Amino acid sequence: MKYAHIQQEAYEANMQLPKLGLVLFTFGNVSAADRELGVFAIKPSGVPYEELSPEKMVIVDFDGNTVEGSLRPSSDTKTHAVLYKHWQHIGGIVHTHSTYATAWAQALRDIPIFGTTHADHNTVDIPCAAPMHDDMIKGDYEYETGFQIMNCFKERGLTYEEVEMVLVGSHAPFTWGKTAAKAVYNSAVLESVAHMAYLTESIKADALRLKDSLVKKHYERKHGPDSYYGQQ
Amino acid sequence: MKYAHIQQEAYEANMQLPKLGLVLFTFGNVSAADRELGVFAIKPSGVPYEELSPEKMVIVDFDGNTVEGSLRPSSDTKTHAVLYKHWQHIGGIVHTHSTYATAWAQALRDIPIFGTTHADHNTVDIPCAAPMHDDMIKGDYEYETGFQIMNCFKERGLTYEEVEMVLVGSHAPFTWGKTAAKAVYNSAVLESVAHMAYLTESIKADALRLKDSLVKKHYERKHGPDSYYGQQ
Amino acid sequence: MKYAHIQQEAYEANMQLPKLGLVLFTFGNVSAADRELGVFAIKPSGVPYEELSPEKMVIVDFDGNTVEGSLRPSSDTKTHAVLYKHWQHIGGIVHTHSTYATAWAQALRDIPIFGTTHADHNTVDIPCAAPMHDDMIKGDYEYETGFQIMNCFKERGLTYEEVEMVLVGSHAPFTWGKTAAKAVYNSAVLESVAHMAYLTESIKADALRLKDSLVKKHYERKHGPDSYYGQQ
Amino acid sequence: MKYAHIQQEAYEANMQLPKLGLVLFTFGNVSAADRELGVFAIKPSGVPYEELSPEKMVIVDFDGNTVEGSLRPSSDTKTHAVLYKHWQHIGGIVHTHSTYATAWAQALRDIPIFGTTHADHNTVDIPCAAPMHDDMIKGDYEYETGFQIMNCFKERGLTYEEVEMVLVGSHAPFTWGKTAAKAVYNSAVLESVAHMAYLTESIKADALRLKDSLVKKHYERKHGPDSYYGQQ
């Protein structure tokens, strides 16, 4: 019973994915962590969304070991575990194969920052991590996926607190946040930004990136010390 | 209680945005003005659509000061205020980040008038206002956004009575009308026209603009002195 | 009461347009004819679909005169009238501004026959009638639109019995059929074929037309003397 | 009564097609086979989905002869029969004209393997079978369609157990599986993969195929002897 709160949180967040049009069948998963207990609740592998319930969420520790639950956790569980272990202020993680974000990942391209919708959430292009080397793929693949994401952020000087989304090259997006609900929100924002960026380049092949002053203004009015978006 | 009618009008108009597929989460806002009272009702900032109610609409005057309401108004409130103050026959304003219109805004392109769907509503390309200069961005940004829109119309010799929509370059669309409902209608029309124009250029790279005789005919049959569209 | 059957038919067919995603707001209309009575029932102009009822359908004769009904008929009524008058086996007509078909019309291009979905319904490219000359536009526009469609068919040697759809260049599609329901069906098929043709050229710029043997086979298995599609 | 189980299976699988957005009107069909009885249940031809019921599913043997049922079976029945006869471990077959998969078929192109969503289901490009020679088209067309599919697999050294989907050039996709439900699942996966591949090439014209190590990893973690996707 001591995990019921994160099971409920993970369940509700998982159920948002089909409602937001971010998953086909079971092609996605959300987890919700309890930092004090050192565990997270995650969707069981391959179970249709309509058959999910809070009790079916599997409890896993930050080394990827199942702590409670009779079902097998998501096949991407180790990626979640690695990110929770090393990025200590994350409370929720989402993985989807949403259509537009996945297309950018398959094209091995960062998503250029073209407008204020993007800048409301990020000040930089949304990074696309390079595909892993073959020895990492043949090794502990999902574990290495977590490192591939973290290495991409290190190389580019990004922090996970500011940029809460990434494309894994050839694969698909991961997003995170302080809660599972925020991570789901980020997945929907990413899909929308990916769609708009695709259209922008179609409408103007050599579209220019958003200028710095607008990037800064939009990001800060929502996230800066003097932000005035939202309540209080 | 004296503002209940515009709160109701603004509430109903805001609730149309998700139904028409024009917003993701809270990325949009509608206001409704009472010209005699010199105020408008606008969506509170960052409140999910499913949590809105008429009473939550914030009452603001045409200088952008909150007159009534405990919630913070939309972060775009000053843009609404400026437009109400200077364009004296507007009764409603809408801002969205709808996908296709925003893509044209990000491409910094006017939407060319390619067909009668466009000409039923406008006789000219839908204007894309240039992004602001940096000092305006760093200044009173949302206030300046209103002036940027009005300056764009002045430079091009457009009137807000005839053209009830604009793209703000790098950002997203604004629309307006005699009522909030009409402004919402215009946002949906703009998104549809933006979608069709994108497809038209994809199907024929050098597509030609609609010829003048058709522009005039379609606009006048709906809006001219001898219009015969709609009832009476 | 003697027109109730075609009012009902026209009402039901009109209500299919928003369900099939073929119209935004009131941008479409369907009519249903009774050949013996020499009249058709058509949607009133500019009335939202949710406010329609069978009694509101306006009764018009084949010269475009209103025979019964207190509402003004669709602004496109004369186009319907002309087509009913000259194409004597039509029982229903539909006009929409559906997204993909309208984009081809705006590009002034016929829709090439690329596959069997197209050939199941037509053996030729879907024709795009040229925009009218200016004197026709300035004249009795909707009346002339009907002649423009018929002239396009004459010039190309097409018959309205075999090809039940057309794009009016710079404008949008019209479809027809033995019943209003069949005409609506044709509008949905046209939109789907227009979407697929757009994608086909995007995937392969120099995509080839369907070869004759397949055109013939698919058309005949559904419409030929030895057809074996559907029941009996 | 002895066919009720496959009628139920075929009925339920057919009803999934409109829910998954894979068909317009009656442009698709699903069958479900009973290998011991040597028959399959298939959708009747041209009957709208909302009028279907399990009893209306027609029972046909593997030579294409109707065994039970008063309605005419799908016009594509012989293609199903041929595939069941020669590919002995198939329990369900689906044919649709889903938008993106059909566009690739009309472009006569295989769908390149660009990412892990594809590799989760196939290790190769999704094959597009060449259109048939004219004598085959003029002969027993639907019967020959089955052979065209099988010949494509033979020429390319593919097995129907590993690759459960194909595009028939100029026409549309077929998918299959151990059950009708699995075949429907494959149709939805194919449509999603076709959509993503289209976008990938639009985002990067010279997008590279997924590298072998990732193809293998993703396919094997779901289908290999040591697979760890899904439950037990």
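Note that the chains take the letters A, B, C and D in the order they are written out, and that residue 1 is the start of every chain.
Quick note on the criterion: a contact is a pair of C-beta atoms (placed from the backbone, for glycine too) under 8 Å apart; a residue touches a chain by one contact, two chains touch by 3 or more.
No experiment lies behind these values; they were computed from the predicted model shown.
Between chain B and chain D, the least number of touching-chain steps is 2. Any chain touching chain A that also touches chain D would appear here, but none does. Farthest chain from chain D, judged by C-alpha centroids: B.
Per the C-alpha superposition, chain A sits rotated 90 degrees relative to chain B, a value rounded to a multiple of 5. Both chain C and chain D derive from one sequence, and where they touch, under half of the residue numbers involved are common to the two copies.
Centroid to centroid, with C-alpha atoms defining each point, chain B and chain C lie 33 Å apart. Chain A and chain C have centres, each the mean of its CA atoms, that are 46 Å apart.
Along chain C, residues 202 each make contact with two or more other chains. If you draw each protein chain as a dot and join the dots that touch, you get one closed loop, with every dot joined to exactly two others.
Contact between chains, using the touch rule, shows up for A-B, A-D, B-C, C-D.
Of all residues in chain C, only 24-25, 27, 44-47, 71-72, 75, 97, 99-100, 102-109, 131, 134, 137-138, 141, 170-172, 198, 201-202 touch chain B in the complex they form. Note for the complex: chain C touches chain D at residues 114-117, 185, 188-189, 192, 195-197, 199-200, 202-204, 207-208, 210-211, 213-214, 217, 221-222, 228-232.
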